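Shared chain: subunit A. Partners: subunit B in the first complex, subunit C in the second.
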Partner chain A sequence: MSSILNCIRADDVMATLLEVKDLVVKFALRGGDVTATNGVSFDLARGERLGLVGESGAGKSVTGFSIINLISQPGYIASGSVNFHGENLATMSAARLRTIRGNRISMIFQDPMMTLNPVLTIGTQMIETLMAHNLQMCKERARGIALEKLRKVHIPSPERRLEQYPHEFSGGMRQRIIIAIALLTDPELIIADEPTTALDVTIQAEIMDLLIELCETEGMGMILMLDTCRCRSGNWTLAVMYLRRTGY
Partner chain B sequence: MSALATFRESYLWYSFKRDKIAIASLLVLVLLFCSAIFAPLIAPYNPYDPEMIDIMNSEIPPAWEDQGSREFLLGTDSQGRDMLSTMIYGMRISITIGLGAVLLQAFLGVLIGLFAGYHGGRLDAIFMRAADVQLSFSYLMVAIFLSAVLQAVVGVSRFGEIAVPFLILVIGFSQWPQYARTVRASVLAERKKEYVEAARVAGFTSPRIILSQIFPNTLSPILVLSTIQVANAVMSEAALSFLGLGMPIDRPSLGSLINSGFEYIFSGAWWITILPGVLLVVLVLSINLLGDFLRDVFNPKLYKG
Partner chain C sequence: MIAFVIRRIIQAFIVIFIISVIGFAVKQSVGDPVREMTGISVSAEELQEFREKLGLNDPWYVQYVRFLGKAVQGDLGNSFFYKRPATDVILEKAPATLELVFVSSLIVILFSVPLGVFSAIRPNHFLSRFLMSGSIVGVSIPVFLTAIMMIYVFSVKLGWLPSFGRGELVMIGGWDSGLLTVDGWLHILMPSVALSSIMLPLFIRLIRAEMMEVLESEYIKFAWAKGLSNRRIWFVHAFKNTLLPVITVGGVQLGVTIAFTILTETVFQWQGLGFMFMEAVERSDSPLLVAYLMFVGIVMVVVNTIVDLIYGLVNPTIRISGASS
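For the complex of A and B:
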């Protein structure tokens, strides 16, 4: 009880968006539990950007997935808490969680070639995402929002692009579209799991600039996971993950 | 871009234009379906109307034979019914049962395959073992058993009235595992892909992921399977009717027509059994050839030698 009160007070004073505390994630395997993260802790204020840096296998992606409580079986959150606006996502009901996941917290993945559904036009996918979160949403309004977000990520002639399939886009364009999909519901927090790893160097810079620009204009918080520190601009808090723990 | 323009640029249309067999079988199929749909307009007689049947006209050979008559192009059967009209009406019943049974199979099989494949675990195990059990004994055995029971319960005369829905149900329920297995196999491949993960992260409920994200990705095997299953269902119906368990002789399908003429084949009246047989072969063959074409288009990795 006292921890909840603390969080609410902290929320007032520092406007804490997300507070991860001693997060331990384990995978139940046949030979016993394997610890994937062992005491990850960090705070994120509203609109703050956190870079989570660590070598591969350090537990960055697992941390990202456990924030939205979506670790695939046989993984589970063994202890610790993930407080989003003071509510613990680790113990929240599935239905309540769905109103946060993909709505107030969005996630961007590593490989833009794989994360779009190959047989649906991007318009269909964007409209579907909007309607999944807001049952009162009509198709015309959803289309309008989709167009607005595509413009925000600098996709030229979005009206035409909305009718096209993922294979008709280049890798950089696809990652922009994925970012646009993440932006659809105006989230307060974006978790970007190595969003530039699958792209070439010049496109990497473009995507990074775009993400920073969007965070600043929209006032979004962002957790960026990377394997190297190569950010050139913007205010970043940096956390290093090593051996399944965080340190500043 | 309009839908028609998109279609004209598609690979499907491109390969269709170059495949003579596909064009021919589609033409034949369209012709047969149209004559089945517009049977009352096309057929010269109404084979269901006893007023138009005269027993004196029985066993008249086709028009090109010596004793043939211009009135009955393909001759008449043992009751004096015009063969051409009876065949067109019979094909109408065969196609109705075939399409109805496939719709039922597809509905059950696709739904079960999608959910079993996506959720896995116990649900998957139960449905797939049920499918194994069902495929392990012949559908004919089940159909013979059920129709014998049904004929005993409702009586042979009333059985004729409910024969069409009965055959649709029997053939539909006996073949759903084909769809369930095919769909489940593609779902198992699709559900590990990242777009499914992305949909889950985006907060989609699992029925929504299954129906709006995974289902469109399983459509091409479903389409190919459907053509083959329509042909199979028409054949199954013909087999059941030939055995006397399907359509009654006063509302014959192609199978019961073949059956009705079978006794006369040695007395020289070959047309009663051969002509509906040829029509059945042409119908099933053209559906199968079209299915082969679709399979080649949707699976370009399968090169024909």
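For the complex of A and C:
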């Protein structure tokens, strides 16, 4: 059984994980629709890393959010498709989409100070993610996985930290926790939307190195949105977004 | 947490102290107690002697200390009308008012939370639109008008509900309760609905506005990105954050509700503190007025202290700052 699974995985490596085709995202505003992305296309193979580079306002974040179909109101996907393992996320039902979000595709947001819920402990926010995607998951096991992931992102004394609230962490620490949350379910793809922009320069490099290192060791695909090209390591495919379109 | 509690209790004492000064000032300036007690057929000399005996010629601060000393022991003087200690009269009337406030707060909580949350997560639903326009009407109509309209419809026209009084009461250890009999509940229904008619729409709007703001936040978006269920996002992630400002406003509004009982109790002939207060004003029964002021002040302080403690339980930032100091 395990050998068959391995075979499938080995075959899958070459397969396309994500295929974004002619994605058009519009925002329905009072004065008519405003186009946020106009025909974005790119492919991502399993374990491949894509850097999406572009100036602010080019449509990077909107592209990222539209992959998991989570564009804020009044935005909507006007045309195009986002195929994940051949399934179109843009037209998928909400219930089906929920089994993919945070489970097979995780997202890391821009500002770690705003991303965590201030009134819930880190532990609660990690454990709930695991329990939402696995009905058989018990609290103790989820806690164990959460601790393991916190160690992976180098959070010291994670047992104690699990009981603490977001305001007890610095910005860099919070972004580490968010990365740990993104890693919880061992996703196939991580979308990181300028994960270091809100941090100060010394922390930026640390977080970026951590993210790349984890991606390599876990073999995850990644889409990284950045406003500048400053990645020093790893194999990257680069796509440049300019005027709401992509080009290689 | 303990430091936080102690700090709040000290603040409560300062507020009660200020209320006592105001109460004392009212007592000093409203009416002449000697006049009230002796009548007009007493000579000026005798009056002077009487004043000396009662300590009314002492400097105000000596009198204040004496007032405070007595007040601490629960003695706020005798009511001119009831010829009994004002504190006794207050304590006798308090259950009626507290039950009325309790039931209408219950109505506000039970209805505002689900309706507010619903109209926040389904802002375009026809029920939400109806609630929003209906709540404007609710806020705009004064309590006494609501009360009179209710009496007209449910008592005069339909004859379903009694229009005045508390109905059948059960005495438990000095607390005469109307909440243990069916008759008592029938009597409290209209007054409590009338009393909550201002607070309910206000709270529906408050909860809706706060919830909608929270739902726009990044951490809710992140919760969606984590693939959590709608229910978990609405009722755990969003609602807990919505609660923080609602608790604060709720504490203040509870005090306002006690003040509104004056109108409601007058319309429904409800034998509580509000009704007593109106009578005391008409009879210029100053000891009773002072006792009412002190009582309501203390209730407000106690309620707000409890509300702050609850706030501390919900908001982790406050809890920690208390523990570290």
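Quick note on the criterion: the second predicted complex is superposed on the first by the 234 of 248 C-alpha atoms of A that agree within 3 Å, B and C clash if a C-alpha of one lies under 4 Å from a C-alpha of the other, contacts with A are read in each partner's own complex, and residues count from 1 in each chain.
In this text, a residue touches a chain if its C-beta (ideal position, glycine included) is under 8 Å from a C-beta of that chain, and two chains touch if they have at least 3 such contacts.
Treat the numbers as computed from the prediction; the structure is a model and nothing was measured.
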> subunit A superposed: clash or fit between subunit B and subunit C?
Replying inline: clash
>> Is A:Val24 touching anything from subunit B or subunit C once the two structures are fitted on A? First, second, both or neither.
In response: neither
>> On the A-aligned overlay, A:Arg101 touches which partner chain: subunit B = first, subunit C = second, or both, or neither?
In response: both
> First (subunit B), second (subunit C), both or neither: which does A:Phe109 touch?
Replying inline: both
> Does subunit B (first) or subunit C (second) touch A:Leu238, or do both, or does neither?
Replying inline: neither
> Once the shared chain is lined up, is A:Ile68 touching subunit B (first), subunit C (second), both, or neither of them?
Replying inline: both
> Looking at the overlay, does A:Leu120 come into contact with subunit B only (first), subunit C only (second), both, or neither?
Replying inline: both
>> If we overlay the two complexes on their shared chain A, which of subunit B and subunit C does A:Glu163 touch? Say first, second, both or neither.
In response: first
>> Once chain A of both complexes is superposed, is A:Thr129 in touch with subunit B (first), subunit C (second), both, or neither?
In response: both
> What residues on subunit A does subunit C touch that subunit B touches too?
Replying inline: 68, 70, 98-103, 106-107, 109, 111, 114-120, 128-129, 132-133, 178, 181
> Across the complex, what residues on subunit C touch subunit A?
Replying inline: 216-219, 221-229, 232, 236-237, 240-241, 244, 314-317, 320
>> Per the contact definition, I'd like the list of subunit A residues that touch subunit B in the complex.
In response: 68, 70, 98-103, 106-107, 109, 111, 114-120, 128-129, 132-133, 163, 178, 181
> In their complex, what parts of subunit B are in touch with subunit A?
Replying inline: 1, 193-195, 197-205, 208, 212-213, 216-217, 219
> Okay, in this complex, where on subunit A does subunit C touch?
Replying inline: 68, 70, 72, 98-103, 106-107, 109, 111, 114-121, 128-129, 132-133, 165, 167-168, 178, 181
